[in-house]
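Both complexes below contain chain A, partnered by chain B and then by chain C.
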Partner chain A sequence: MADPFTTLGVAPAFSLDLTQLAQRHRDLSRTLHPDRHAAAPPGERRRALGHAIEVNAAWRTLRDPITRAEALLERLGVPRDERGGPKASPELLMAVMEQREALAEARASGDVERIDALAGAVRQREQETLARLTEAFSRAEGGELDAPRLLSLLGELRFVRRFLDEVGAALDDLS
Partner chain B sequence: MAYSEKVIEHYENPRNVGTLDKDDPNVGTGLVGAPACGDVMRLQIKVGEDGVIQEAKFKTFGCGSAIASSSLATEWITGKTVDEAATIQNSQIAEELSLPPVKIHCSVLAEDAIKSAIADFKQKRAARKALEG
Partner chain C sequence: MLLDIFDPKAPPKAVGIDLGTTHSSVAVMRDGRPVALTTCDGTPLLPSVVHYGAHGTVQVGRTAKAYAEREPARTIASAKRFVGRGAKDEQTALLGSYRFAEGADERVVRFDVGREAPVTPVEVSAEILKSLRQSAIDQLGTLGGAVITVPAYFDDAQRQATKDAAKLAGLEVLRLLNEPTAAALAYGLERQNSGVFAVYDLGGGTFDITILLLEDGIFQVKSTGGDSALGGDDMDRALAERLLRAMGLEDPAARTPELIALALGAAREAKHRLSLAEQVTVSVPRRGGGEAELTLGRQDFEAMIRPLLERTGRACKRALRDAGLSAEQLDGVILVGGSTRAPSVQRYVQELFGREPLVELDPDLVVAYGAAAQADLLARASDEVLLLDVLPLSLGVETMGGGVDRVLPRNTTIPAGARSTFTTYADHQTGFELHVVQGERELASDCRSLARFTLRGIPPMPAGMARLEVSFDVNESGLLTVRARETTTGLEQQIEVQPSYGLTDEQVEDMLLDALDHGEEDLERRRLADARVEGARMVLATEKALAADADLLSDEERRGVEQALAGLRAAAAQATRPGVVQAAIDVLDQRTHAWAGRRMDRAIAGAIAGKQLGDVEGSVAHAAGVEAHLEAHQRGRN
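So, the complex of A and B:
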């Protein structure tokens, strides 16, 4: 797949203005919409459609911090690791395990308030991790690439995401 | 993606789900996670003076394959010595459960969990032996 930053015409960075990016995606999609190319020769129509699909994929990749980080790592030449990066620290694993157990209990007893409290704490952690990741990426852009740190922060973000997905499932269950 | 029958069987009837007292000197606890997907797995063993694993428990928050891998792991290690248990390879678990390539990491997690529980137990026992002189 083409580099999503290039496709959307934005400078590669972890910290992006998503409102601006959304606008850029809308503008590009409008220009590339098949209706606009209905009268064009088939080759051109196909190209426009292909480009439109690419633009949508690039937008999906960049709006999510996890896939955005993956795209940046690829640009930085950090090889993809099937295991998702370095092993998580014992502290992180302990915290995640405790939170998952607490969530399972709250879900079983239908305690929505508790679930909200757990989710709030984890969202707080997510913000902290995102801030660290932003900093590590800006260092990398400045020539100080610390791949293990980037990968372990990204791993942390995936644990958080997974937890928040479970929160969503639990709340759906109970509503 | 379709799960194999064995995975479904373990998922629906997981063996040895639970918790052992992590402060018990005869209990080793392994806590591992998969940064690729956010799964977490805890595997605990209770070891007798003869080095045989008397009891194994697990708790896994993850997909069906991760649950099945840890369930199978506890089944296999119970009754084995810690040294025998340490030789279990993720490929054996993956083969037994017919895991597809994208789920191999679940069996890797289970192998890591066994090894990490054993390491924790050995560390505890060594510390105790050192105290006893």
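So, the complex of A and C:
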């Protein structure tokens, strides 16, 4: 797939202004969406559809910090096989396990407030991880690539995401 | 009375059609405003009921509805509930007065309407669309295609079936449009608003909730959710169940289609009366003679439908969460669908969102209005408004263990595409089966099965050597296309598609030929009309492109394009065979090919240029642009 930064015409960086990114996505959609080419000859319609799919995919990739980090690692030449799978410190694994148990308990007893509190704590952790990733990626841009650190931070982010997904599922059950 | 002056040279008007569970309607833009056309019933709303008479007659609308209690098996209402569903589907088994034909093919529901051949929900829907098409032609002279609405939560099989019905009815489908998006378009154009809106759409048989952002002429859906098997019909069924018991018919075996139809009719009437009165009395015949009288209060009814409303509430909460929003952040809640007329439904929505919902536009017609607006925009190749919709349900592929490998998650902006790579698991394996499913559940068997694809002709290789690249493309109507390629040899694979539900292309083609009096001849005439309309539209679009981007053509290319354009103009006006128009389209297509690429590159550069995005320190946020949009939006208002 084409590089999402190139597709959306933005400078590659982990820290992006999402308001501007969404605006860019909409500006491009305005010209590329198939509805804009509905009356055009078939070749143009196919081309527009292909472009629109690519722009939507790029936007999907860049608005999510996990896939955005993966796209940056791709650009930095970190091999794909090393990027997969969560890599987290034993300390994080312990913390996650405890939070999982707490979530399962809250879910079983239908304690929505407790679930919200757990989610809040994890979101706080997410913000910290994002800040560290921003810093590590800007060092990498400056030539100081520390791939193991980036991968471990990305692993943390994946754990956080999975936990928040479970929170969503728990709230789905209880609502 | 003002007469519409029919201008034979004016381009044919495109219409918007709301094909609803209980009612359908067709609308067109006139002087910049949507107007509902009169249906064969003389009203804008046509009951979605089709009656198959004993002597081969087919009636649609009010006249068909009149037969509902007398000849229930021959009178199909709510066909939309069965569209794109299988004979063994849970929905098919719900309380109803139909007789189903026993058949080997479980992929399609077939109604036994007392004729030699049973009819499918696609054919029933086609009768309704045919009637609306005729009404439109009677009032507009010619017809330039249609936008047809579907519930946002319709899956691929249901969308495909709707498109098939339109094809059978002789309609050129410009696009399928999600009902809540259509409603938002109608409201947005009406009120010139911007902000984040929720569209709560409770129809006769389907429920949709859509959260969307309106800004700068773009209607961007953030999330959608719902239940394609929940609506006013379920309220009727809950009430009818109580009536059937009062009639002494606890035992399902004692219930004939006639008695069920009677109970459903009485239930529907009681529901409508309860919108105005606090209490109503219903009288129904008792088994073994006499009458049973039942007094129903609004509170009884509310208690009865509360579980249904709570199901809508759960879907609303999830949609808000998917959009990353809370109810307080909304700028408005729009009500759509006849069932939202019930005071108890309105009260529930108000409770749920903490604000009074918007009801200015007729909830029964607002969807057709929006569809008409979109049809008009497409036919005029206008760039005033853009609708960005999403995939309602995740798409995935069944894995070896019966799980689901998700290729596109729900709420992905469409058009969308994804590629997955698979490999062979046995030596010299030459075939490969792919099971595509849609839904959120973890097991493939709990999701909706869309299709099985069998790939053949893989060159014999050791296990794990072949690389099968499968691409999934969802277009702007939410319709899926799957393609496969073996990448080590570059061979395109033959794909056999076995849709899990619905009709195959050949079956639709056969039905189409059967439906026409003179088969091939009529079909040819219909294709000619469609090709001419399409050709005329293409002429218009190419003229617009020439006005804007002629500088991207060399003199020679420009002569070529103009020649092809003149050829197509002549063919669209005079051709007597569809092939002639098609040939002219092909020539124009080929001569505009390279130019189209340059124009698109220019457009992309234009969208990107001058607004270089810089990285802003500390602005990393988790969610999609919604919060960011909201902030910008709120800043703008303060």
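We take it that the second predicted complex is superposed on the first by the 166 of 175 C-alpha atoms of A that agree within 3 Å, B and C clash if a C-alpha of one lies under 4 Å from a C-alpha of the other, contacts with A are read in each partner's own complex, and residues count from 1 in each chain.
One rule holds in what follows: a contact is a pair of C-beta atoms (placed from the backbone, for glycine too) under 8 Å apart; a residue touches a chain by one contact, two chains touch by 3 or more.
Computed from a predicted model, the values in this text were never measured in an experiment.
Visitor: Mind working out whether A:R100 is in touch with chain B, chain C, both or neither, as first, second, both or neither?
Guide: Only chain B; A:R100 stays clear of chain C.
Visitor: In the overlaid three-chain picture, which partner chain does A:G155 touch, first (chain B) or second (chain C), both, or neither?
Guide: first
Visitor: I want to verify the contact counts: of chain B and chain C, which reaches more residues of chain A?
Guide: Between chain B and chain C, the winner on chain A residue contacts is C.
Visitor: Quick one: is A:Q20 in contact with chain B, with chain C, with both, or with neither? Answer first, second, both or neither.
Guide: second
Visitor: Per the definitions at the top, what is the overlap between the chain A residues touching chain B and those touching chain C?
Guide: none
Visitor: Taking the touch rule as given, give the residues of chain A at its contact with chain C in the complex, in rising order.
Guide: 1, 8-11, 13-44, 47-49, 51-54, 56-57, 59-60, 63-65, 123, 126, 130-131, 134, 168, 171-172, 175
Visitor: Going by the contact rule at the top, pick out the chain B residues touching chain A in the complex.
Guide: Chain B reaches chain A through residues 31-40, 42, 59, 61, 105, 108.
Visitor: Help me check something: in the complex, which residues belonging to chain C touch chain A?
Guide: 174-175, 216, 218, 220, 313-314, 317-318, 321, 377-379, 381, 383, 386-388, 412-419, 473, 475-476, 537-538, 540-542, 545, 585, 588-590, 592-593, 596-597, 600, 603-604, 606-608, 611-625, 628-629, 631-632
Visitor: Once bound in the complex, which stretches of chain A touch chain B?
Guide: Those residues of chain A that touch chain B are 81-88, 90, 92-94, 96-97, 100-101, 104, 151-152, 154-156, 158-163, 166.
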